[in-house]
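Structures are listed in the sections that come next.
Each of the next two complexes has chain A plus one other chain: chain B in the first, chain C in the second.
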Partner chain A sequence: MIRVLASGLRIHFLQLSRSASDVLGITVWPILYATIAYYMFGAESDPRVLLTASLGATVMAIWSSVAFGSGGAIELQRRLGTLELLVAAPVPFGAVLAPITIATSAIGVYALAATLLWGRLLFGIPLHFEHPLMFALSLPVAIVAIGMLGLVLASTLIFYRASLFLGASFEYPGWLVMGLLVPLSVLPGWVAPISWLLAPTWGMRAIRESTIGGSPLRAIAMCLALSACYAVIAVAFLRAFERLARERATLALT
Partner chain B sequence: MNSLRVFFRGGLTSYRALFGWLNPWLGVPMMAVTPLFQLLFFAYLGRATGVASDTYFVVGNSLLAAALPGLVGVSGTVSGERVTKTLGMLLSSPANRLALFLGRTLPAVVNGVAVSVFCLASGTLLLDVRIAASAVPALMLVLVVCAFSCSALGLCIGAFGLRVRDVSVLAWVFIPVLLLVSGANVPVDRLPDWVRAIGSGLPLAHGIVAARGLVAGRTLADSGRALVLELMIGLAYTGAGILLLRLFEFESRRTASLETM
Partner chain C sequence: MWANPALDYSAAVAADPLVAVEVVGLKRSYRSGKGVFRRRSSEIEALRGITFSIQRGELFGLLGPNGAGKTTTIKVLTTLLLPSAGTARVLGLDVARQPREVRGVIGCVFGGDRGLYDRLSGLENLRYFADVYRVPARGQRARIDELLELVGLKGRERGRVETYSRGMRQRLHIARGLLHDPPVLFLDEPTLGLDPVGARELRQTIARLQQAGKTILLTTHYMFEADELCHRIAVISSGSILATGTPADLKGRIADRTIVEIEAFGASDEMIERLRSVAGVASVSVELREQAQVILVQSSRGPELVQPLLRELEDARVGKVVSRQPTLEDAYVDLVGSA
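Now for the complex of A and B:
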């Protein structure tokens, strides 16, 4: 199982990394959103605010990649004609699908590199990490947690033929509710409890607190706990989907 | 008559096909949810940063909402032919090229106006923004012109679909570019001169100025110059799009490179 997950993650990460359009999208988008944030916050703002905006734009890009990629993950396999083979493989379907969604999240490292470099070179934002080791821990934990949320998304959108469109429509609502760039304090009070159930909220908190100071351990623990919950939910959905698809013989149909 | 049929029916069919199996309802999540939440996202970011009032963001983002069907929709109707392997057949048909490709912009303009109106109405309701009823007719005219100019840029991007494997990424990159340079969210006086110059050469910047003027109580005559500029930009991109389509079609025939990647 571990080999399936590891090799799947490696293959899909390399595959996405070889796609010029995917890499271009994941690097250009956060740069542009970070630039919008710099100008909206004002270039004279506290450098820590601008650095946080860079990180927020990075997590936004990761969420976008997952919303698009996970929404269309099963649809893509269906189009490629590999869905039956993957379902028939002697490993749980979730173990095949999880590396795809985590890989769509992991290519966010390109976004991080591009956004931090852009901020440093063009806006002179100092790259000072308060807890570098915690940052090195927060980033992969956040990536896995967001990827696992993508797995839930992929498993619940299976029966929706335009899952790519529907997945993409979660992009802005996610950015807003997760408090990635807009502080949760300016949103209506009922938004906060929703944000607590979403891994990117805690991923962003872990990354932010390990960068500008604070205690990121609680946020890291929440990411891990949510990842486990997402895995349970996704496995349940996928099992139900697989059973229904076999019963109705509709696996490759839309 | 045949060209008119190609223009209207062909354009509509091609645009509906964007949403898969000719069911436009599949596009609703992207055409309603995304633009509305984009508006809310920037309005709340505006509140957090103190940049401007909610009215500023409602007007700017409502016009910006036309960019999605305009850029992604129109370019998709051209590049989609490559995906479905019908590009060769399309270009070997004797159909009038102007009718063939311009017909694909018309549904996007209508869609763009509809999305903009939806955003304007829901944004004003949700954020309690007030727009005088007397400003609405002129505002509608601005929405139509902005949807047209966005579709014209989409036609230019789509033309590259005859030579480039995946222009959808280019179309998607233009969306945040417009978010930055059009003045919809970042006041232009905060932007460097060179970014402002780029914005003034792209759709929306002048239309947004005109719309904000109308909402602020100015007349159409006062905002007329900005609106004419927006219209001229749309016409310029339409002309450029048609020329690029003809050029790439000619080149692809000459070098037998129509569907090479």
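Now for the complex of A and C:
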């Protein structure tokens, strides 16, 4: 199983790296998000706030990549005609799909590096982390958690032919509900419980508290717990939606 | 010959150990909807209760026109579609209830350009699918080399698939379908769109696979291909099987007939209708070949029928006229035409 996961990650990265448009999108978006974030908070603000803003921009980029990438990945497999072959493989379909969503989430590692470097070079933001070790832990935990949330999304999309558009429609509401654009405190009260169920909220909190101070352990634990929940939900969804797709003939493009 | 040690056939116990594929009363319908507010749904019956079986080691052909139900049959057998009614078993495993087990013992190759990662090389594609199809890491490279040799892609495996010709892609498809050494293979129109040389090479590969002991279900609408390769054939049309037998059996159904092939230019529908009413004519079909109409007349009267036929076509320009023995294609046209 580990071999299938590793192979899937490798293949998906290779696929992404060989398309000029994909590489351009992945390269440019985080820098755009970071620039917008810096100007939103104002260059004269507290440097620590600016650093948090840039990290928020990173999580935005990761979420966009997963929300759009999960639907896009299924759509791409449909278009290439490989979706049916992967479903017809003897390994569980989740093992084939998980590397795709985790790979899209892991693109966030680049997004992080690009955002921090951009902020340092153009806005002189100091790269100071209160808990460097916690920061090093919270980042991969957030990436896996967001990747697993992407897996839940992707599993529902096997059934729908318009998967690309459905996945993309989660992008902007996600930014708001997870507190990536504005603090959750300015949103209506009913938004908060929804945000608690979403991994990027906790991923963002863990990264923020590792950077500007606080106790990020609780947020990291929540990220891990949510990842496990997402995995269970995704397996159940995959089983149900695969059966529905076989019943209603939605695996193929035509 | 390489054998996949990861394959477990223990669950595959057929009621009759000689039978590899068993289809009984298989039905499949598709539902489609129109409209947003007043949604009207309609149901199309793609398979109307088909029954057939394939012996182990047999190369079985499913012949039929477009939309006959060939691909639907393959998709049900490869666990990609659930049947609406009836049963289908592969090596004794139920395709609806035991999909995971069935997937371990089958290989599927769909015709056309799709089903590969274009931006990756042929080798990268095979490595990935080898992992997904549980080919053990040890011996994986040797297995891939063996298959590249078998399908004639040795030396070209490092090129990106997007640079491959259609024939090369199709051969790569075959190699992918064989990675885990499945005992049963489903080939859905594998020579579709290939040039004559590529198609002939692929037919030779399919024949070699059958000789190596694979059970193969081949769908095609190329009669000569089915005649050359298949032990037995089922003719399917509008979701029903019209006849099953060896190519010789099917040809034998019209062995007492003679085929008169008339090349005509400007023959009207009325003239074609008049041909049908000539005494002794069993069936008339028309094919368009560039500017010409090729009229195929089946009859039990033999070459003596030529003159009465030409009299009915006197207002059209007539080219070559040939009288010959029936082929599998004629038997097929007769079956599908009279369905």
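The rule is simple: the second predicted complex is superposed on the first by the 242 of 254 C-alpha atoms of A that agree within 3 Å, B and C clash if a C-alpha of one lies under 4 Å from a C-alpha of the other, contacts with A are read in each partner's own complex, and residues count from 1 in each chain.
Following the convention adopted for this analysis, a contact is a pair of C-beta atoms (placed from the backbone, for glycine too) under 8 Å apart; a residue touches a chain by one contact, two chains touch by 3 or more.
Everything numeric here is computed off the predicted structure, so don't read it as measured data.
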item	value
Superposed partners chain B and chain C on chain A - clash or fit	fit
Touching partner for A:Leu187 - first (chain B), second (chain C), both, neither	first
First (chain B), second (chain C), both or neither touched by A:Leu32	first
Which superposed partner A:Thr82 touches (first chain B, second chain C, both, neither)	second
Which of chain B and chain C A:Gln15 touches, first, second, both or neither	second
First, second, both or neither for A:Ser215, with chain B first and chain C second	neither
Touching partner for A:Leu24 - first (chain B), second (chain C), both, neither	first
Chain B versus chain C - smallest C-alpha distance in the overlay, whole Å	10
Touch list for chain A against partner chain B, complex	21, 24-25, 28-29, 32-33, 35-37, 39-42, 161-162, 165-166, 168-169, 171-173, 175-176, 181-183, 186-187
Complex contacts: residues of chain C adjacent to chain A	30-31, 75, 78-82, 99-100, 103-104, 106, 108, 110, 112-120, 124, 127-129, 131-134, 137, 176, 180
Sites on chain A touched by chain C in the complex	3-4, 7-8, 10-11, 14-15, 18-19, 79-82, 84-91, 96, 243, 246-249, 251-252
Residue ranges of chain B touching chain A (in the complex, touch as defined)	19-21, 26-27, 29-30, 33-34, 37-38, 40-41, 44-49, 51, 166, 168-169, 172-173, 176-177, 179-180, 185-186, 190-191
